[in-house]
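As written, the chain order gives the labels A, B, C, D and E, with residue 1 at the start of each chain.
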Amino acid sequence: MTARLRLEQCGLGAGKKARLHRILYHHGLRNGTALFLPYDQGLEHGPRDFFANPRAADPRYIMKLALEGGFNGVAIQIGLAEKFYWDYAGEVPLILKLNGKTEIPPEANALSPVHASVEDAVRLGADAVGYTLYVGTPAQEEDFAQFHVVRRDAQRFGIPLIVWAYPRGEAIDNKGGRDSFYAVHYAARTASELGADVVKVNFPHPEKHVPPAYLSDLGSQEAIDEVVRAANRTLVLVSGGSLASDEAMVEKAAESMSAGATGLIFGRNVWQRDYDDSLRFVAELRDVLAKYPTP
Amino acid sequence: MTARLRLEQCGLGAGKKARLHRILYHHGLRNGTALFLPYDQGLEHGPRDFFANPRAADPRYIMKLALEGGFNGVAIQIGLAEKFYWDYAGEVPLILKLNGKTEIPPEANALSPVHASVEDAVRLGADAVGYTLYVGTPAQEEDFAQFHVVRRDAQRFGIPLIVWAYPRGEAIDNKGGRDSFYAVHYAARTASELGADVVKVNFPHPEKHVPPAYLSDLGSQEAIDEVVRAANRTLVLVSGGSLASDEAMVEKAAESMSAGATGLIFGRNVWQRDYDDSLRFVAELRDVLAKYPTP
Amino acid sequence: MTARLRLEQCGLGAGKKARLHRILYHHGLRNGTALFLPYDQGLEHGPRDFFANPRAADPRYIMKLALEGGFNGVAIQIGLAEKFYWDYAGEVPLILKLNGKTEIPPEANALSPVHASVEDAVRLGADAVGYTLYVGTPAQEEDFAQFHVVRRDAQRFGIPLIVWAYPRGEAIDNKGGRDSFYAVHYAARTASELGADVVKVNFPHPEKHVPPAYLSDLGSQEAIDEVVRAANRTLVLVSGGSLASDEAMVEKAAESMSAGATGLIFGRNVWQRDYDDSLRFVAELRDVLAKYPTP
Amino acid sequence: MTARLRLEQCGLGAGKKARLHRILYHHGLRNGTALFLPYDQGLEHGPRDFFANPRAADPRYIMKLALEGGFNGVAIQIGLAEKFYWDYAGEVPLILKLNGKTEIPPEANALSPVHASVEDAVRLGADAVGYTLYVGTPAQEEDFAQFHVVRRDAQRFGIPLIVWAYPRGEAIDNKGGRDSFYAVHYAARTASELGADVVKVNFPHPEKHVPPAYLSDLGSQEAIDEVVRAANRTLVLVSGGSLASDEAMVEKAAESMSAGATGLIFGRNVWQRDYDDSLRFVAELRDVLAKYPTP
Amino acid sequence: MTARLRLEQCGLGAGKKARLHRILYHHGLRNGTALFLPYDQGLEHGPRDFFANPRAADPRYIMKLALEGGFNGVAIQIGLAEKFYWDYAGEVPLILKLNGKTEIPPEANALSPVHASVEDAVRLGADAVGYTLYVGTPAQEEDFAQFHVVRRDAQRFGIPLIVWAYPRGEAIDNKGGRDSFYAVHYAARTASELGADVVKVNFPHPEKHVPPAYLSDLGSQEAIDEVVRAANRTLVLVSGGSLASDEAMVEKAAESMSAGATGLIFGRNVWQRDYDDSLRFVAELRDVLAKYPTP
C-alpha cells in the first residue's frame, strides 16, 4: 500500500490547490478522495449509449444523479456546460472536457480535437478541465501540440488539468492492447511527464504486458501499484474499463485506492441502469472510498 | 409529443436570447416557431440549382420571397450579405453562413472552410450565424478546431449559432448513410455537445439504422422524437431532405413540430418553383407552424 | 422587510453564480448569508491598526480567525494573497482586493489605484474580487475608467465583483458626509448602475441627509431599507462604520438583514480585540445571520 | 529576536525561489544572508556622488569591488547593465533596477519612472529586479499603476521583485519625515501588501513617530523588530540611511539582523571611500551577517 | 587536442553567458566542465527503464543523486519540473526539456513534439532549455519550424539552448546508422548551423562512415576531434551511447574532453544501478573532468 498524495506535495500553485481542495474536501466524502461522473459519451459514442436507460439522455438527470449520489464532479463538454451548468452552478464541481470526438471515423490516427478553452472553463466557474491524450498513436505530434496550449493556459489560470490518458493506435494493439499493463503504465507516466495534475487510467490487465523484458507475473494489486508509482506526484483516478460485474468493479476500486489512487471515475457503469440501482452502486463505491481517507 | 423549448430554458446569455427572441417573436408567425430560407446552394451545388427557376439566381428575388412569405430569416454567405442585405436590413433577419464549399472536389474528407467571421455578422446586423459541421468525416479535427473559434466568438458577441449538422464520410455511408436515424441522431447530439444554440438536421429515415444494437422498429414520429431529445436544450430545425412531394414534406413538418422542433428550414423546395407556387407551399408550412406555438 | 435576493434573480452568468453559490452555501452558515473579514487596513491605514492587538499584524492569525470564526471569505491585497493564501487555499474563500492606497497623502482627490488584476484572482483561485469606488470625488473619471477594466474582466472570467462603495470628497462632506443617508443611498445605486454584483456600504445615518428635497424623517430601519432597494439586484453587504458598541453593531446588523442585505463585512471591529473576544463577537453576528436565511 | 524567514515560507514560485536561493546560498556568505551593493546614485544624485572617490565613477571598479567584497548582488540601471554586465555575467548576481529619476526637479510629487522591463532583466540574466516605490506621495496612483505591471511581469517570469520602499512627500515630512518609525513601518507594510518579495527600508528612527496614538518610547531594536514584523513574509533589507559612523552602522546592521532581516544594502557608505577601506568595512558587515545564518 | 572553448568566445549575449557561467562555474567541479543528468526516459522509453533500479522511478531520487553526485544540471520534462523542481530550486541547475515523445508509434517519421516553452523555463528558474532535433528524418521541415520558435525565444530571453542532435530515419540507417561518424559529424554541424549554444552528441563510431568520399581510417580520438571541430563555437556534450563497460565509457569520456568537449551527459548509465554504485561511477567521470579545466 502506497501513501496517498496530499495536495501540499504536488507542486501546485494556489489556484490549482484551491480548486482541488474544493473538489476533494468540500464535496463527496470530504475526505480527500474523489468519485467523478463523466458524461461525454453522447459525443464519444453517440446517443446509443442512452438506450440502456433513456432518461440518461437528459443532462438534468445526470446532474441530479451527481448531486444525490454525492459525486465530486461531473465531466461534460462545453455545449452541455453552457446549457445546463447554470442551474447547478457551484452545487457540484464542473470538469469542463476541452476535447472530444465522435467514434464514427476509423481510429488508426486517433486524435481528440480541442473545441473549448481553459478560459471557457474559468468563465463557467469550472473547477478543473479535462483533456483526452491518446498515448502512442501516430498523431502524437498534433496531440502534444494542442495539449501544450491547454497545459500552459491551465497553469496560467490556476485550473487543475485532468488527463484522460488513453493508449491507442496500431502499435499499442500490437503490444498487448489499450488495457495492458504495459500500455496503462506508460500512459500514466506520459501524463505525468507532460504536466497533468490528475491522470485518469483504466485498470491495467497485469496478464497483458507484451513487450519483451517487461515486468511479468504481476498480480492485479502489484500492477496498479506500479501505475500509481509511475504517476509520481500526479493524482490518479481509475475507471472501470471493461470489467464485468459490480463485485469485480468494487474489488478493483479497493485495489486502486490501496495503491494510493485518489479516486474513481465511473460513467456508464453508473448511469446505464435505473436511478435507484445507480445510487445503490455508488453507495458501494463510497464505502470503498471511506476506507482510504487522505490524512 | 415533447414540450417545445422556451428560450428561458436554453442557457443563453442576454445577447443570444435577445436575437433569438427577435427572430422567433418579431418575425414569421410571431409565436415562437420559425421558418428559415437557406440560400447558399449557389456555392454548395453551383448555379445549376437555379435552372429550375432562373429568377431565383437573383438574390433580390429571394429577399422579396422571404419578406412576402413571412420567413423568420434568410441564410446567406458573406458575399451576398455584403451586396444585398443593406437593401433589406432589419426587415428580415439575416443568418450569416460562415463556412461553405463547392461540390467540385470529392467529398471523402469533407470539410467546409470558414470564410467569414462572427464579427462580420455583428457588423452586418445579422441575428445569427450558421456553420456547417460534417459529423463523422476523417477531417473532424480541423472541423472541430474551426468550429471552436466560431463558437467562442458567438458566445463572446452574443450571436446565436445555428449548426448545419451533416453526417458525411465513408464511415457514415457504411452505417446507413447520411439520412439514417443513426446518423441524424448522432449529429444532433454532437451539435448539442459542442455548443450549438440551434441545430439543423435532415428528417431521419427510421428504417435506416445500421449499427448493431441500435434502436429498431421505430416509426418516423418516434425517430424525430428521439432526435429532438438527443439535442436536449439545443433548438431543432428540420429540413426537407430528399422528400418527394409537398404532402410528404408537410407531414414530416408536422411530425417535427410535434416532436418539439422549433421550426423548419426549406430552401430548394421553396424557391425551385415559380413565385406564386412558392408562396402557396410556404402558406401550407405556416399552417403547420401555427398549430405549435411556444407558450 | 424586503425579500432577500436569490442568486437566480441577479442576472449572473454561470461562473459568477457558481462562485457566489460557493461563498454563500458552502461556507459560513451555509444559508445564503455572508460574513466577510476584510484585512486591507495594513495598507489603507498602515500598521498602526495592529497596535490594539499586535498578533493581528500576522496574516496567518487572520486566516485562522477566518477559519475558526466560520467566515464566508477574507478580503486581502495581492501581496498577502501571494504569500499566505496557498497555505489555506480552498479552505476559506479569497476575495482579492484589486485596488488600495495608503492614507498618507491628502484625500481631496481620493482614488484607489489598481495594482492587481482579475486574472491574478483567477490564477490564485479567488472566489471574488473587490474594488474600492470613491463615489463623488473629483477623480471619478479615472475611477470609472479603471473600474471599467475590472468590470469587463470580471464579466469575461465569471468572477463576482464586490464594490466597496465609499462616498468621499469635499462635495460629499458638504452634503452630510460619507455616512449620511444621502451619500450611502447614492453610492449603493452608483455601484449597481456601474455593474457591481455585490456592494459594500456603511450603515447610513438617517438623520444626515442634507440635500434639500431629499427623503426626511427616516428611521434607521427605513434608511437601510431604502439603500437595499436602491441596489436592486446587487447583493448588499453592510459594514459597521463608526458604530459605538457591540450591542449597537448587532442591532444595525439585524436591521440590515431585515432590510434584505445578504450579509456583513466586519474587520477592525473583529480583529482589534483578543482572539477569544473576536470569536465571541462573531458568534453574536452569526446568531443574527442565522435568523435570515435565503430560501 | 525574530526567526529569520526561510525561502520555503515566502509563497514563492519555483523561479523566484531558485533565483533567491542562488543569491542567498551561492554568493556572499552562502548562509542565507545578503549584502547588496546598489549603484544607481549616478542617476539618482548625479555624478557628484563620485567626487569623494573618483574611481567609483567607473562601473568596472564597482563590479570588481562587488566580486572581491563577496557581495550577493549589484543593483544597477539598464544602461550600465547593457554595457558592463556581460564582462561579469554570472559571477555576481545582477539586480536590474527598473525605475529611477534624477534629483533635479522638485520632489513634491516624486515618482520614479520605469525605463526598463522585467523582460530586459530576463534577457540579461539578472537574478532580480528592483523598483523604487515612493510611499505617501500624491503620485501614488501612477506609482501603483506602473508597479502593477512590474509585479505582474515578475510573477509571470519568476523573477524576484525587490522594492526600495521610500516614504516621500509633504505628508510624510509633516508626520516625522522619511526615516521616522511611522514612515518606515508603513512603507514596509505597503511593499508587502502590494507584492514585494524583498523590501529595502532605511533603518527607522524610533524617536520620530509623530502621528498621534502611534507606538511610542521604542528603543531602536524594538523599532526595527516592528518593521520586520510588518513586512511579514517579505524579506527585509536594511540600508544605512544617514547614519554617522562605521561603528553606528555596524550596530544598526546587527540590530537589523537580530530583528530577522535577511540582509543589508550599502552603497555610498561602501564605495565613497578608497578601495581597501571599502573592503575593510565590508568585512565588518560580513562579520555581522555570519552571526545570523538562516537555518 | 583542441583548446576548450571559453564562454567569451561563443557569441553569447549576457543572459546566456550568465546562465552558462553559473552552470559551469558554480556547480559540479566549478572548472568550466559539465556533467549533466538527463531524466526524460520515462517519457521517451516508458517506465520500463526504471525496472533495473525501481527507486529511480521517483524523481526525488534523481534530484538527490544530482545533488550528491555534484552534477551541473538535470534535464527533465515540464511535468516533472512543475512537480519536483520547487523543492530543489536553485540547488541544482534545471535544464527544461521542451520536446519529447513516446517510443510507441513507429519512428520512420520521427519528430519530437514541443509541449513546453522557453517562457516556461524562465518562469521555473531553469538555466537552460533542451530540444531534441532529429537530423535526417523526412520530418525535418516541421522539426526546423518548431526549432525556429524555440531558438528565437531562447535568444529573446537569454536562455542557453542545448540541442540533443540525434541522427534518425531510414536515410541515416542506410548510411552507417545513427552512431556512425558520418551521422554524428553531420548532426553536430547541423546543430551549430541552426543556432544551438550547446550540442549533445553520441560518441561517434569511427569505423562506420558509409558515404563515399567520406573521411576514412579515423581512430576514435580523431573522430571525436572532428565532431568537436564541426561544432565550432557550439559547446559539445558527449553521451555514452551504447558503450559496453564503465571502463570503455570512462575512456571515451577522456577522449571527448581531450577533443575539446565541454562535458558529459549520462543518464541510464548512471541511475540504472544502485545508488552507491552510481556515485562511484560518477566519481570516475569527475576524475576525468578534473583533468580538463577551462582556463
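Miscellaneous remarks
Going forward, a contact is a pair of C-beta atoms (placed from the backbone, for glycine too) under 8 Å apart; a residue touches a chain by one contact, two chains touch by 3 or more.
Just so you know, these numbers come straight off a predicted model, no measurement behind them.
Put simply, the chain farthest from subunit C by mean CA position is E.
In a homomeric contact, the two copies may use the same or different surfaces; for subunit A and subunit C, over half of the interface residue numbers are shared, pointing to the same surface. For subunit B, the chain whose average C-alpha position is most distant is D. Taking the options D-E, A-B or A-C in turn, the interface that duplicates A-E in more than half of its contact pairs by residue number is A-B.
Distance from the subunit C centre to the subunit D centre is 35 Å, each centre being the mean of its Cα atoms. Here the CA centre of subunit B is 67 Å from the CA centre of subunit D. As a whole-number value, the distance joining the C-alpha centres of subunit B and subunit E reads 57 Å.
Counting only residues that touch two or more partner chains, subunit C has 13, 82, 85-86. Within the complex, the subunit E residues that touch subunit A are 40, 42-43, 46-48, 51, 57-59, 77-80, 82-86, 99-102, 104-106, 111, 113-117, 120, 142. Subunit E makes touch with subunit D in their complex at residues 13-22, 25-26, 81-82, 85-86, 89-91, 94, 119, 122-125, 156-158.
Residues 10-11, 135-138, 140-145, 147-148, 151-152, 155, 167, 169, 171-172, 175, 182, 185-186, 188-196, 211, 213-215, 226, 229-230, 232-234 of subunit D are the ones touching subunit C in the complex.
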